[in-house]
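Written below as structure tokens is the structure these notes are about.
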């Protein structure tokens, strides 16, 4: 029974890992920007939920109505104002990747620095929906269950959109070959901007959700960017399904690891799994076609 | 031949002047000097590998932190020279493992992994500290004077510059450049690309760890968050790009203005430096016509022009 | 049988479900120019990549002077005196012509020490690049870049030279000069395997040819006999036109 609970918690955790990666899949897989400031938007929306709840007693989930569109717009602006010139003049894919990593590295410090300045470095948190729920005999907190369910729903939703809608088709074409996509009248810059902005919105949603049960400070952005990166690369860049599976594997492995080894070493476990799989299958589990 | 002589004489004079600084400078100037020397080591070492090979490493802070902690952990039990050797060896070993694992993959994965390395080492260190000592911070008692630290760093900076110079002039430095231009060509022209990349990466990491170890002697209080601070990686990157990775003294040209700027801001606006630097960097990359990659290429070109 | 330089034995490679090379075997005799022919997608470049170590083989051997090349890394193969050029010409764009060639001189089979510079000079003269020594290779014309690549490959002092469509995209004058250069290289004692589509060059230069189609060898022999083989004609033109 205990093992089942550990596994179930792993599945729940896995859903959230997957959610972390969806947005990055859009930003890197479609818009081709390796965004190191990705996790900062999770951090800012976590803080937003915190301030909404503690200062104004507003339901933290409602803060998503504020954080998610804001993150969408912010990321859209970053793409249009800062990244588009880079995309336009990059002589090749490698140069663009290097440039985009470094520029977003800079943006990371701008956002993180501003947050540190205004909110200080100490950890914040709040409790919301921390009621235990019984699932087939195992106990899970309601907020985690909610976050995980939203994650899986978003994942499946994203998958369906990509598979069965015109926009989804255009996004997939863009992910495979931006030049060819232009030749079939896809507005590449606009769609890339849309993908990038949507990625930012998704990670903001993740931030609101996890703030219900995890504590946070302005420096946590980097950790989540890394976790998202690991899940994305393991599952194969651009593949939502791959992210779901990779997230699941990581979630279960981490929970087992935390149970067997030590909770403080979660990032190390993630990295170890990451390294192992990269050594065996350099293109990830579900490499992009 | 005589111009060479003049150059060497000039360098020796400069070195003598720098060595004499502790005797005529105020404590504040000495402190700034130490910071400049430390960043000179970090940036020159970074440029020695990432410049020619174009493998952009964001792991500087990981190796620096390793050096800091080697001293913090071992200084109570072992003499300083041994501790320094340990710091260099640990930095070398970690870079060896990381290099072997990630330098085989494409350049992007390398950047990502080095980015994660600082965070990873920080987490491991936090876990270790909490489990071993129940506290995050360590108190370090050393009796090395500020002057001695300055001279140690000066020696290290000179050694780093000599190593970087030697590498550039050697076949291995040339081979690193070939790797940066086109790794496939390098592979098929008899260059053992894996060994060269990994070993030179590890060598520069050892130098960074030594810098961290020496700087650690100045801190009485050490904790993982300050020792493994990604911002150091960022600063080194900017300094290298600003000063230019192509010339031997290029990194130094980037170090001095940025350290001075940081000093100017840190008094009144401690957190603003992060933000200002971030914005500056975004603007620099934004206005560069060929981007950062182009900057690396451009410096390579300048290097070439001279060599012919 | 003692004059074969390279023996390829049952070499095979699949990419996912696609069998690019299906167990091919052939010999390359010392001092000859062997043509490796076939329609697009027949696996010729894959064979080159397997022999030069760029990709790993699923099975098979490539024996050169008693040692198997399969399983070795590219730089090790190069040090065993196998050099190659690439289908899409690869020069080091920001480095000078001289430096491009020095790459081969410094790291090939017999790394020249102080004689390095002179060796590079000789090679530049030999391929006709004498006046361009100080130019960044990225600024050269197509044929000039091909010469740089050739010189760099020769700088590693190969016994076996693999040319991947080196004569492609040349005008008649350049083609004549290119073919003359290849003959000269052979006269200097280098064995050559060339993947080629230029029929004129194949007939003029190749002592023997191996023809591939869909990953397998379908013909072998002198250019005249092999190219007249009905199956070869079918492979190139397609069944409907044969």
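Letters are used for the chains, namely A, B and C, taken in the order the chains are written, and counting of residues starts over at 1 for each.
In this text, contacts are C-beta pairs under 8 Å (C-beta built on N, C-alpha and C of every residue); 3 or more make two chains touch, one makes a residue touch a chain.
Note that the structure is predicted; figures quoted are calculated from it, not measured.
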Report the topology of the inter-chain touch graph, choosing from line, ring, star, complete and other. line
Computed over C-alpha atoms, the centroid farthest from that of chain C is that of chain A
By C-alpha centres, the chain nearest the middle of everything shown is B
Rounded to the nearest whole Å, what is the centre-to-centre distance of chain B and chain C, using the mean of the C-alpha atoms as each centre? 43
Would you kindly tell me how far, in whole Å, the mean C-alpha position of chain B lies from that of chain A? 31
For chain A and chain C, what's the span in angstrom between their mean Cα positions? 47
Pull out every residue in chain B that's touching 2 or more other chains. none
Could you list, by residue number, the parts of chain C that touch chain B in their complex? 52, 54, 73-75, 78-79, 83-84, 86, 90-96, 98-99, 102-104, 106-109, 111, 133-134, 136, 152, 156
What does chain A use to touch chain B in their complex? 34, 36, 82, 85-86, 89-91, 94-99, 101-103, 105-110, 112-114, 116-117, 219, 222-223, 226, 229, 233, 262, 264-265, 267-268, 271, 275, 278-279, 282
Report the residues of chain B in contact with chain A in the complex, numbered from low to high. 54, 56, 58, 101-102, 105, 107-109, 111-112, 115-116, 119-120, 123-124, 126-127, 130-131, 225, 230-231, 234, 237, 271-275, 277-282, 285-286, 289-294
Using the touch definition up top, name the residues of chain B that touch chain C in the complex. 171, 174-175, 177-178, 181-182, 184-194, 297, 300-301, 304, 307-308
